[in-house]
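The two complexes that follow have subunit A in common; it is paired with subunit B in the first and with subunit C in the second.
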Partner chain A sequence: MVAASAPVRHKRGFKVSKRWLPYVLSLPALLTCIGILIPFFTAVAYSLQRYRLSQPWAREWNWGQNYLNFMSDPAFWNTLKVSLSYAFLAVTLELLLGLGIALLLQRRTRFNNTVSIMLLMPLMTAPALAALMWKLMTNPGFGILSYYASLLGIEDMRWASSPATAMFTVVLVDIWVYTPFIMILLLAGLRSLPRQPFEAAELDGVPRWFVFWRITLPMLTPFLLTATLFRVIESIQQFDIIYAMTQGGPGDTLTVFQVEAYLNFFQSTNVGRSAALLMILWAITYFLSNLFIKNWLRLREKARGEA
Partner chain B sequence: MSPVERVLRGLAITLVILFFMFPILWILLMSFQTNETILRVPPSMVFEPTLINYRSLITGKLQTAAGSLEIQFMRNLWNSLLLSTSSVAVGLLLGVPAAYAFARLKFRGSEDIAFTLLSFRFAPPLLVLLPLTIYFQQIGLANTYIGLIWVYQLIVLPLILWIVRGYFEDIPADVEYAYRIAGHSWFATFRKIALPLAKPGIAAAGLLAFIFAWNNFIFALVLASADKQPVTVGALAFVTASGIQYGQIAAGIVLSIAPTFALAIYAQRYLVEGLSLGAVKG
Partner chain C sequence: MYGKEKDLLHSFVNGKISRRGLLKRLAVLGISAPTAGVLANAVATNALAQNGFDWKKHSGTTVKLLLNKHPYADAMIANLENFKALTGMDVQYDVFPEDVYFDKVTAALSSGSSEYDAFMTGAYMTWTYGPAGWVEDLNAWIGDTSKTNPDYNWEDMLEGVRSSCAWNGQPGGALGSEDAKQWCIPWGYEQNNLSYNSEVFSKAGLSVPRNIDELLETAAAAQQAMDGGYGIGVRGSRSWATIHPGFLSGYASYGEKDLNVSADGKLSAAMNTDVSKEYHGKWVKMIQDSGAPDWATHTWYQVGTDLGAGKSAMIYDADILGYFMNGGDNAQAGKLAYAPFSANPESPVPTPNIWIWSLAMSSFSNQKDAAWYFMQWASGYEHALFGATKMDFVNPVRKSVWADEMFRDRLNNSYPGYVEMHDVSAPGAKIHFTAQPLFFDLTTEWAASLQKMVAKEVPVDEGLDQLAQSVDRQLKEAGLG
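Moving on, here comes the complex of A and B:
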């Protein structure tokens, strides 16, 4: 710590004082991101304006009007409902499935490790491309899933192009892509649990379901919470899968926040409404991500401690 | 384990593998077929494999019933490679020193700044992208690689920053102090001690950032036009352009997902930690 108070001499001869060094090191990264903060504030401003790209002359501040309009706008409530049900359905099913698979693969055998790496492949597939793959599989002409559905007696299953099954289809793709994420997080969690409670329970002949509900699940809770929050934040903002598969259709069946905002901006050129929608989405994710970060910090602390 | 349980477990694992692997396998098989065998009813696993789909993708000539069609798929693939590689390079250049500052040199506001950077990871991307489309027009960054690489930092930087920071924090500071006391500058310490020790973390963060950049869809969809689009956006346009050449679409998908698969297998050790931003050790 001798050098701590002395100015640090750089090789080329210019001096960076110890006090400024951290700022100098992190400044480039910061500046890059501040360039991105500007559009954020612009978006806040847009959301408080009447602003249509097609009618630039009519652009004016209308303050909270865009938000007030939402109250009586069925399309907005539809967006909210669709986004929430998408997130709820996808994350719940992924949690159940992911937990199940993690429990199946819990023991460290070579076979289990190979399987868990294989299962990572869907997660490594770009969600937009995954949607494309499933679009081919559900093609009414030659799609293998349509064929199997017809074998099961479900003739004329129209998957993503029918309002009745569109949500089911995109959630299915979401499950295919993101269950592996939850699975590997929970698998890492399960494998990091201390052995003693389980060994003690086994010696005492405690039934397995009791061990699961009273020992495994409570000890796994921080991991479950991290996985859930992470996925809720992401899935409430889902765009790639839905846009690549149906562009929000059929009709307004799948107009989740980001898809609706995208269509508002590029198709109906209603910048004000689009920005206001995104601000509401941002508020939701901001709240959730604060929760996530708090929980994540605690878990990270633990992971570091055990390392 | 009782025999019944053994059978049930085996069955469950088989079903899981089937569900997650079948789509990839099916697309892979489809990419070696012509429309003739793809459209056969009932579908069959037996066919004579052909490389024609890959050949026409690579040469850029698409043979359709209506004649020959130019396609830009290789261009998309090249764009993906260029955008992901440069974004990661820039991200590492900016992110690693910053990560070091956050890990070692606790300074006023450091936690707040680090959190602000992390929170970008969770904000809706369109919120930033839509105003950017207008700004980029004004400052001449619209549809340029530089503009795109800059925006890609939104996903690349937080990832690199938080993973690499964790690795720096794992290195005992004593080694660095000892080196400093021996009379070396902080820069020499950073270069000779800290960087080599954190190398696995930096490599892992770089690989993961590459995968995320490669798989990104929304940035290029909003900000790039056809000649700058990566495969994720290009493949979608390709579907409409190629009409009914399903084998070629499948081959395009296979070529687009192969690089990330290869990297994932290579970097599997770091995947868990990276995906959870270091919250869970793999």
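Moving on, here comes the complex of A and C:
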């Protein structure tokens, strides 16, 4: 048997001149940007066209006509109203609940740590699966939640099937899935706050509600803003929970942007209208993100100035 | 194989004995019914190979299919080895559940992908795919004797079903017109009629309703008689699929239309006539009084499973839901019965709107002739009979299969009344919608309007006027109105 000789490896230096180094290092980021920007500008172009896959002969540039059509289209204004209402309701309630739970679990004990980990479980569930699970639980015929509602004297509760309770039902699912996200973020924030102001307040006998409003909440604001930013961006783009539970119905109760855009593209093959809807959603998201980031920066500057 | 069996099979192939006769005699020779069925199918496939047509022309070629998870696809897959043996071709396929199936088809076709040669589709979808240039006009193959085997017998397909898959591409153009393009080949289809729980009906002393007024009364009475169930199951989700089954079948029985087509080809809404308003009013009342409490989220799946589980007394929906729920491990298996239905008391002949699972050929396929070989086999008589008698390939689209004694006996034994229902309804069964590219937009909005009416968010008259206004605006925007 002949012993295999190990290949001789020569170290080769791959030199990049200092002039090119910044470009080489930023190349992956540049490629990623291109991967985002090409679809973005393609969508912009589509949104400026009358473009329906089922009417290829009618495809033409109509420039802003898709957007102008929205102005006189009640369905669009309903979509805007529903999307903003959904985002506002879901995020507000999640913030309140997330903050409340985080405050309850603030102290580092074995029990609190275990509970905080267990509460993350819904976040591990895919929202579409959570929606299907809730669809079963809220079934008026055999759903466990319908049964509990009947025990409370609420008969004939139709949950997502009724326009009166559909928004409540999908927001409930959103809260179940995403409150843990806010809770864990705020819990990390609460536990990272400096102890001195709280100790000083305790020594001075400051009431607990005053400590909460004047010390805890202001110091927690950057965390609250971060959590709100993430959740607002995500909830205004909500699709899976709503589509899996109601497909946007009953009627037009839950026709949020993503559901409308999805149906416009995949069902109606109306590429132009679908792209225009998504561009408006992008503009809203951009505006809200900027608003939050500016406020976050302002708070940071303020904190530095006071330090 | 022994001599006697061989002789029998040859006699069958040569038409000297019937399929029933063949199976009886094979049984006498100790061959079990399932084995005999498989043998008969294999022999029939062999017979195809001997009809002078060059089935081996594309031997060695592989075609790829995109399939929806469905008993029709299961039947085809179960019989695929016969196709491979007949042609020397190979077949690959991807199967997707219906929830995502049509998204996958749209994505594959709109990207111009040549991955799939043929795929399952509904006839309505071809109103998008055809004008978009994604699917082939199959007339070019059907009429070509060098590419289509002499036993294919295109005329054997039910007329209403066949023509429902053909459209000239002009918005508002009549289905099956002289200049129509055959965008797809019908494979299996669904009529919309009544399937009801005979036990509930007999306990409550109910008779089968014959028109919309009786339907409302019977559904309400059945609901009273049931313990916690509801009277009638119909679809209600915010989708075009809510409009096309029972709802449109009843609507069509009054001669009502979805759209008007003017002499110059312009389209306009037609669903806010007085007759339509009256029909909508009755339909809405029926759901409010006797429909599922969560009707607004009901798709075909909930409609079917509720009937099978004994939660609903009857459905006015796809007949094959009643078929499937009458078997398997469904709680009400064996208790379901069937009846043809016309909503209009003055027109007792049913006019079921139909859903057709069809086969279409991708325009991006690189081997269209080979794909056609598969399509003609899959939609041919031999496979249809195999599927109908050995699998759950109901409803077949071939008249000859419906005439087959074995098939009729099978249905009559296990699904009493099904054959009669089909036979009575078949002459009026077709697609009653106006073919046009905005089909999905307008019918989805129609479903959303129905939901608003049922929820009492808007009165029926006002809701239909608003719907007609919106439909007209959308047609104008698309250059069709």
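Here, the second predicted complex is superposed on the first by the 252 of 307 C-alpha atoms of A that agree within 3 Å, B and C clash if a C-alpha of one lies under 4 Å from a C-alpha of the other, contacts with A are read in each partner's own complex, and residues count from 1 in each chain.
In this section, contacts are C-beta pairs under 8 Å (C-beta built on N, C-alpha and C of every residue); 3 or more make two chains touch, one makes a residue touch a chain.
From a predicted model like this one, the values you see are computed outputs, not experimental measurements.
*Asks:* After lining up the shared chain so the two structures overlap, which partner does A:217 touch, if you call subunit B first and subunit C second: first, second, both or neither?
*Replies:* In the superposition, A:217 contacts neither subunit B nor subunit C.
*Asks:* For A:283, using the defined touch cut-off, is the partner it touches subunit B, subunit C, both, or neither? Pick first, second, both or neither.
*Replies:* neither
*Asks:* Would you check which partner chain A:141 touches, where first means subunit B only, second means subunit C only, and both and neither mean what they say?
*Replies:* Touch partners of A:141: subunit B and subunit C.
*Asks:* Could you tell me if A:58 is touching subunit B, subunit C, both of them or neither one (first, second, both, neither)?
*Replies:* second
*Asks:* Should A:261 be classified as contacting the first partner (subunit B), the second (subunit C), both, or neither?
*Replies:* The answer is first: A:261 touches subunit B but not subunit C.
*Asks:* Check the residue A:163 against both partner chains and state whether it touches subunit B (first), subunit C (second), both, or neither.
*Replies:* Second partner only.
*Asks:* Applying the document's definition of touching, compare subunit B and subunit C: which contacts more of subunit A?
*Replies:* Subunit A has more residues touched by B than by the other partner.
*Asks:* Is A:230 touching anything from subunit B or subunit C once the two structures are fitted on A? First, second, both or neither.
*Replies:* first
*Asks:* Between subunit B and subunit C, whom does A:200 touch in the aligned arrangement: first, second, both, or neither?
*Replies:* A:200 contacts neither subunit B nor subunit C.
*Asks:* Would you check which partner chain A:249 touches, where first means subunit B only, second means subunit C only, and both and neither mean what they say?
*Replies:* Touch partner of A:249: subunit C, not subunit B.
*Asks:* After overlaying the two complexes on chain A, where does the subunit B footprint on subunit A coincide with the subunit C footprint?
*Replies:* Dual-contact residues (subunit A): 139, 141.
*Asks:* If we count contacts the way the header does, which residues on subunit A are in touch with subunit B in the complex?
*Replies:* Interface residues on the subunit A side: 1-3, 8-11, 21-23, 25-26, 28-30, 32-33, 35-36, 38-40, 42-43, 46, 100-101, 104-105, 115, 117-130, 132-134, 136-137, 139, 141-142, 144, 147, 176, 179-181, 184-185, 187-189, 192, 223, 226, 230, 233, 237, 239-240, 243-244, 257-258, 261-262, 265, 271, 274-275, 278-279, 281-282, 285-286, 288-289, 292-293, 296, 299-300, 303-304, 306-307.
*Asks:* Spell out the part of subunit C that touches subunit A in their complex, as residue ranges.
*Replies:* Those residues of subunit C that touch subunit A are 102-103, 106, 110, 127-128, 131-133, 228, 237-240, 292-297, 311, 437-438, 440-441, 444, 447-449, 451-452, 454-455, 457, 470, 473, 477-479.
*Asks:* Going by the contact rule at the top, pick out the subunit A residues touching subunit C in the complex.
*Replies:* 52-58, 69, 73, 75, 135, 139-141, 156, 158-164, 245-252, 263, 266-270
*Asks:* Under the stated contact criterion, what part of subunit B meets subunit A in this complex?
*Replies:* Residues 9, 12-13, 16-17, 19-21, 23-24, 26-27, 30, 38-43, 93-95, 97-98, 100-102, 105, 107, 110, 113, 115-120, 122-132, 134-135, 150-151, 153-154, 157, 161, 166, 169-170, 177, 180-181, 185-188, 211, 214-218, 221-222, 231-233, 235-236, 239, 246, 249-250, 253, 256-257, 260-261, 263-265, 268, 271-272, 275-282 of subunit B touch subunit A in their complex.
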